[in-house]
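The following pair of complexes shares a single chain, subunit A, combined with subunit B in the former and subunit C in the latter.
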Partner chain A sequence: MTAAAPEPKANMGHPVPRYDAAAKVTGRATYASDMPLDNPAYAFLVTSAIAKGRIDGFGLDDAKAVRGVIDIVTHENAPKLKESKLFSNGGYAGTTIQPLKSADIAHDGQIIAVVIAETYEAAREAANRVKVSYTAVEPSSSFDSPGTTTAAAKGQNAQFKEDPEAGDFAKAFDQAEVKLTASYATPTQHHNPMELFTTSCAWMGDNLVIYEGSQYVYGLKNGVAEQLGIDADKVRVVNPYVGGGFGSRGSMTPRTAIIAGIAKRLNRPIKLVPTRDQGFTIATYRAETRHEIRLGAGRDGKLMALRHEGAEVSSRPDAYCVGGTKTTTRLYACPNVSSLVSIVRADRNTPGFMRSPPEVPYLFALESAMDELAVKLNMDPVELRRINDTTVEPIGGKPYTSRSLMACFDEAAKTFGWSQRSPQPKSMSDGDWLVGYGCAATCYPTQMAPSAARVRLQRDGRTRVEIAGHEIGTGAYTVIAQTASERLGVPLEKVAVFMGDSDLPPAPVAGGSNSTASTCSAVMMVCDQIRQRLFKAVMPGDSLADKAKETVGISQTPSTQAAKSDRPLDIEKAFDALGVGVVEEYGEWKPEGAPLDSFKAMHSGHARLIGGPEMKDKIAYAFGAEFVEVRVNRFTHEIRCPRLVGAFAAGRIMNPRTARSQLMGGLIWGMSSALLEATEIDERNARYVNDNLADYLVPVNADVPNVEVILLSEQDEQINPAGVKGLGELANVGTNAAICNAIYHATGQRIRKLPVRLENIEV
Partner chain B sequence: MRPFSYQRATDPDMAVQALGAATAANNPLTQAAAQPLAGGTTLIDLMKLDVMRPAALVDISPLASGWSAIESKADGLRLGALAKMSDVAAHAEIQRNYPVIANSLNLAASAQLRNMATLGGNVMQRTRCSYFRDVSYENCNKRSPGSGCAAMDGVNRMHAVLGTSDQCIAAYPGDFAQALIALDAMVEITGRSGMRTMPFADLHKAPGKTPDIETTLQPGELISAFSIPGRWPRSLYLKARDRQSYEFALSSAAVALDVQDGTIRDARVALGGVATVPWRAREAEMLLKGQKFDDGLAQRVADAAFADAKGRQHNSFKIALGKRVVARALQQAVTMEVRS
Partner chain C sequence: MSEKPGSGASGFDRRAFMAGAAGSALVPMAARAAAQDASVPAARDPALPVDVTLRVNGKDSRLRIDARTTVLDALREHLKLTGSKKGCDHGQCGACTVLIDDRRVVSCLTLALAAEGQEITTIEGLATDDRLHPMQQAFVDNDAFQCGYCTPGQIMSAVACVKEGHAGSEADIREYMSGNICRCAAYPNIVAAVKQAAPEIMKG
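== the complex of A and B ==
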């Protein structure tokens, strides 16, 4: 057993290698832009150099003179597309700013023309030769710019229904023995997945095939069909592998329907490969946020009052927000809570999901404040969490289905060597380096969504699983293959999994860390349907089979009692009894509490995630604790993070290898979000400045020499049949706070604004 | 990228003729119609960004057979301009006798880039100013003279505080050049009328009124070698940056000392990440000569090195940072173990 494949503990699957490992490391895995097209033309985007104003005109002569140019599409001649509503308003779009519709410019880097040519090189050269004249209007770039408008999220964002509150915050805060009021800020960030935001569109008659890295092929298929005004059954989205998503491919961007429309008009497949810098403005991003936290506690450390105010930037037309108060108001026991989330509208593109969208910024604020409170109380920050640990969330009084927060703290503290910490700030050093230890909690809501699957079993045990899930690098192929293998009792190497194709049975968006819970629950259910058929064949009189018969085809939790995977089944004997060569089952699974129209929504590309704080009589979260060592150079003030240790509990761990990889990547991402990642905005013109991977910093290996992941055993039977809490977005939460807490410990300086750069340190 | 012709130069004559013929009418050199291609780690990037639009590339990599030698002699070091950064950094005698050179190369870029990039190309690399590299910004005096400077009041955290002008504040991004300028390196230049030699310090030009003119190289001239007089075993390069590897300097210092019996006989201090060109802090280093080292002296040297520095909105921190980097580099150089 190598470090990459931790020994499974109770309620963990086998750490089998990735299903797609060999394909990926040998380059055989085909991503969207690798798909062969028949005689394609190539598209290159022209994007706006201003953030607000109008296009007065184009100078296209130079561009058209480039050999191989076929067409240049601008708002003057673009295919007419129907509008799509924002996903949170029942649509599919990540933005309602539709480029090429008029001469208006709503944000920096908006698509203003598409050059089509016989080669990529000609398209790019011609795009460079397009001249644009603008009338620019001074834009509002962010929080402090004149001309922004601010309003409460509640009432303008349909998915943000309530500002959570409980008890009487004002009174309790007033009376609290120890009080803290502090403001925090997080920066704009971009996902920068390795795979660029490519799109290829090919029509065959009235049928459209789209090759595009997507985290939601059903959403994209339905959204593009809506924009084109065609039947969704005529659209197929294919992407067997996605080169990273992190939320950036969760909802539809405007480019897809534009490319589809141009391909239709030219009657030729079109391939678009935008550049890295264009990716900063043609897709979404994590908007900058600001927070004010107020904590009131007794001298014993018990929280009596908590208020969290958050403000987030969005675009002019769209009220996007992440609203993380739904989690921060419920994390600790506290009888008096209030909160408010506001949205600040600026001349920016519409933000969107980015890995742990609410938790990264909102827990940064809360977990920093908890550390500050611990300092005020002269208390170990771990003990402050222990004192305020709870099994019941304070807003609705609902019990957590399971909660291993303190077990995570204790395990991680032990491995990290937290007891070696001398509590005084600036009390630890090593040569040129001041040393600080810090910690923070992480949590992430456990979410599920309806999912279908088709499973086909042959007499020789070969199994084919079909599900329109998404391999965004998480290991989805692997855990789905494991699920089928274990459930049907067939060897893993006999299981083939097909995903990333909207012609397959629908799966939800690969977002909100719901994929494993949802798709594996669906695959388990369908495998059980097969088992029931086989059981019935070999044991026609068996009462178990009668019970199975009652439940076949019913999409509720399968009759697991009737077809436990540990019950031996002789597949060949069953096939002989049935007299068939192949057994195939299709089924649709939905989580407990899903509304009646869930399956309809599933087919039409509307993912309805259920879980977290929004369950009926319970609340479900995965938890973890993270400890970091930070070193601050006395002379250069450089900040380094030589050690990251995280312990996590997330229900059943399907595969300790892929889980560890997710969590390790999360810890690194979390460190990065504290120390490196920020998209710089030129406030004069609301434009992104460092829109490339040389200037938008992400960690290199030398930045993360030691990352340790501890998987805790946890069992939770109240969440979903697979018993899985999503963990893809668990480990990158709280790390930013842990880093700042460690910087405080190292230097005595509290930093409340991210990212922390060496110029922010005053040693 | 725009179409260009590609030619492999198989000998120096052919290279300089090809470059000179195509560029005779052009000024400045960075906008010349013909550009030499060595490792390509900067040029190709800038062509993709449409910042550089050469009509012809003259591939000089075949000249490596004659222009990549590393020759360490008692009286100095000679480095061929087409030597790879990684080969020079790994050279045992350079590590022993010129640690500042080995450090500056090893702390630059990534392993992959160091394997590709040549010394000559490295010193000629162009600024990382975001506004220079993005042609959608109209205001860049370096790209189009007289158009203004978007960085002056824009996002300028990475920009220079020394050697700036009211036309340009773009920082020189390299590391190795600081080692060269500190050690009084000479640069050998091969042109159509033969070879000339000049101090490396005269190669780069501060922006002044003409930020588009970055060096004193003439059309058809190529750097063929660098020579460094003497040996500098007590030397090092200290680089402060946002991440631990693969990142440009926020501030760096190349220092070299000759200390005998506790007295500093000779001292060199050059600064990176903070200036528009490779920057020698000559007045500051004068303070060290003939002195016994202490922390107060290091501080005075550091203050002198940045006496003329001018910060802008986001880069003022570089002045205080730069001083600490200089002082620390001197402390480390004084105490470093030197094998005689």
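== the complex of A and C ==
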């Protein structure tokens, strides 16, 4: 076994190589802009240079004079599109700011014109020649800008239902022996997936095909149909591979229906490849947040009072928020809790989900505060977590379905060598480098959503699985193929998986780390339908429940099943008895507690995620513990992070190889968030300044330290049939706090605002 | 792209505009896409097609293209070789890396015209007879990718990195593979893959 393919422990699948590996290393994997189009015209966007105001007029003569220009579309001649509501209000859109609808400008970088030309080069040149005159109004850019408005999230965002509270915070905090009050801040960040936000649209008569990297093909299909005012069955979204999502492709952006409308008008396929900098304003981002945490504890470390106030920036029209207090108020045993989330409206594009949307900013605050409290108590921060560990969340008194937080802490601490740490800040060094060790808890809610699947089994064992899931790098093809292989008892190499196409049975959004749990549960169920038919054919007197569990091994690991027999069910005999060549089944799975209209919503592109703290009589989270070593140069203040160790428990691990890779990438994301990433805003113009990959810092290979991922064995039968908690967003949550805690240990300086750069160090 | 504030090429009179918009903020007058100075005297219309012959993966192709077409866009839009990817179009991310005369080059910053007469190798030209190149196999073995979008560029860069003699240590590999961004952050696995493939590639 290589490091990339860890030996499976109990309740883990095989670390088989990725299903799509060969396609991805040979260039054969086709992403949206790789799809061949018949005689396409090329689109180039023109975006606003002001953040607020209106367009007085366009000067288009120069642009139109460019050879090869076909059309220039502005609000004066744009195709008429219907509005789509924000996804959190029952719509599909990531923003309700609809460009090309009027002369009004709502944010910097808003789409104000689309140039269509015979070539990409001509479209780009013409776009550069579009002249615009504006009447500008001074914009409000962020928290401290004049002109913003602030209001509680509750009541204005349908997905933010409550400010969690329990007991009497004020009294308990007042009486606490040890108190901490601290403020924290996180910056604007952009997903920057490697694939640009491209869209190609081609009409065949009344039918539209959209090639676009999407984390939710059913949402996009239904959303575009709604905007165009056509039947959703006329729209097909295709993207067998997606070049990274991280949340940026979960909801519909305005560009898609615009390009579709123009393609219809021109009766020609249109290909749009926006620039990297345009991606900063035509899609969503992680908004900047501010927090105040109050902790009150006894001298023994037991938390008595906890208050978390969070504030988040959103756009003028849309009350988007992540509201992470639903997690931070439930993480530790604490009888007296209060919280408040507010939304600050500014002249910005609407933010959206970015990898672990609520947990990244909110746990940065809480897990930093826990470290500060440990310092006040003169207590090991791991022990402070142990004292406050719980099996029941304090807000509703519901039990965690499983919780391996302290097992993760202990395992990671051992591997990291936490016992070598001398507790005093500034007490460890190596030459010019101050050395610090830090740690933090990480967690992510376990979520599921209704999903359908179609499975076809042939007499020779060849199997075809169809599901409109999404391969955004998570290993979705691989774990779905493994699921079908294990469940039907057919060799993995005989399983073919088709995804990324809205003509296939619906799967939920690839977001909220729900995909594996939802799609694998659906595929398992449909494979069982096939097995039921086969068993009935050969054993008409027996029920599946009696026989199949023993012979086909529903809940067994594949290795034990294979050991018993390489053909637990005589498929050929069953096919003979049935008298057919192919057995095909379709089925729809929904998680426990899903509302009655779930399947209807599933087909219309509304993913109804269930889980985390919002389950009826239980609460489900995946947990982990992260330890980091930080080195701060005492002269240059350069910060390096040579070691990251994380231990994680997330229910059944379908494939330790893809799981480890995602968690490793997550740890590096966390390091990046703590030390590198921030979208800088020019506050005068409410404009993103560093909107490219040279100035928006993401890690390169030389930035990346030694990363160690430990997968803990965990079994949880209360969550879903697959027993999967989801881990794509688990690892990048705790790292921010772990690194700041390590910087404190190295330097004695507590940094409460991300990212930490060398200019912030005052050794 | 950022505009040039008050660009004289805008065709609008700046003072008249400001007078007309009294009370409003001073703002740049161009759109954000307006980066080029149109007052430069026009030479030959660059949109007029030019003929160019590109040798890609051992095969010559004659193209009639806009003179400003990059090697990347020539491959993707004209030769239908879409393995090379566009991630920034600015030479910042490395997703478009190809080999030109065995040197690694960001194809988004290389004009197709400038590559005429040179040997271009893309990800599609690496495997021979359905057998993966050792670097491709090493990427599979070490799970050196997730979404896969940067992977063709990483692999082309990795092949060159080894041939340049920059794969002698993990530190060297990290440094010399730092021109290729992987947002999924498969970096440790990429280092492991380069280490695995290096001896076989050096053997030839």
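Basically, the second predicted complex is superposed on the first by the 738 of 763 C-alpha atoms of A that agree within 3 Å, B and C clash if a C-alpha of one lies under 4 Å from a C-alpha of the other, contacts with A are read in each partner's own complex, and residues count from 1 in each chain.
FYI, a residue touches a chain if its C-beta (ideal position, glycine included) is under 8 Å from a C-beta of that chain, and two chains touch if they have at least 3 such contacts.
Computed from a predicted model, the values in this text were never measured in an experiment.
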| item | value |
| --- | --- |
| First (subunit B), second (subunit C), both or neither touched by A:700 | both |
| Touching partner for A:759 - first (subunit B), second (subunit C), both, neither | first |
| First (subunit B), second (subunit C), both or neither touched by A:125 | both |
| Which of subunit B and subunit C A:28 touches, first, second, both or neither | second |
| Contacts of A:592 with subunit B and subunit C, given as first, second, both or neither | neither |
| Subunit B versus subunit C as contact partner of A:277, first or second or both or neither | both |
| First, second, both or neither for A:71, with subunit B first and subunit C second | neither |
| Winner by number of subunit A residues touched, once subunit B and subunit C are compared | C |
| Touched partner set for A:49, first subunit B, second subunit C, both or neither | both |
| Touching partner for A:62 - first (subunit B), second (subunit C), both, neither | second |
| Intersection of the subunit A residues that touch subunit B with those that touch subunit C | 47, 49, 121, 125, 128, 277, 692, 694, 699-703 |
| Footprint of subunit A on subunit B - complex, ascending | 1-3, 50, 110, 128, 130-131, 133-138, 150, 153-155, 157-158, 238, 240-247, 250-251, 317, 321, 324-325, 327-328 |
| Complex interface listing, subunit A residues touching subunit B | 47, 49, 121, 124-125, 128, 277, 432, 633, 635-638, 640, 675-676, 680-682, 684, 689-692, 694-695, 697, 699-703, 757-759 |
| Sites on subunit C touched by subunit A in the complex | 1, 3, 10-12, 17, 21, 24-36, 38, 45-48, 65-66, 68-69, 73, 76-77, 80-90, 92-93, 95, 122-124, 126-127, 132, 136-137, 139-152, 155, 173-175, 177-192 |
| Residue ranges of subunit A in contact with subunit C within the complex | 2-5, 17-18, 20-31, 33-34, 36, 44-50, 53, 56, 59, 61-62, 66-68, 108-109, 112-113, 119-122, 125, 127-138, 192-196, 241-246, 273, 275-277, 471-475, 657-658, 660-662, 664-665, 668-669, 672, 692-694, 698-704, 706-707 |
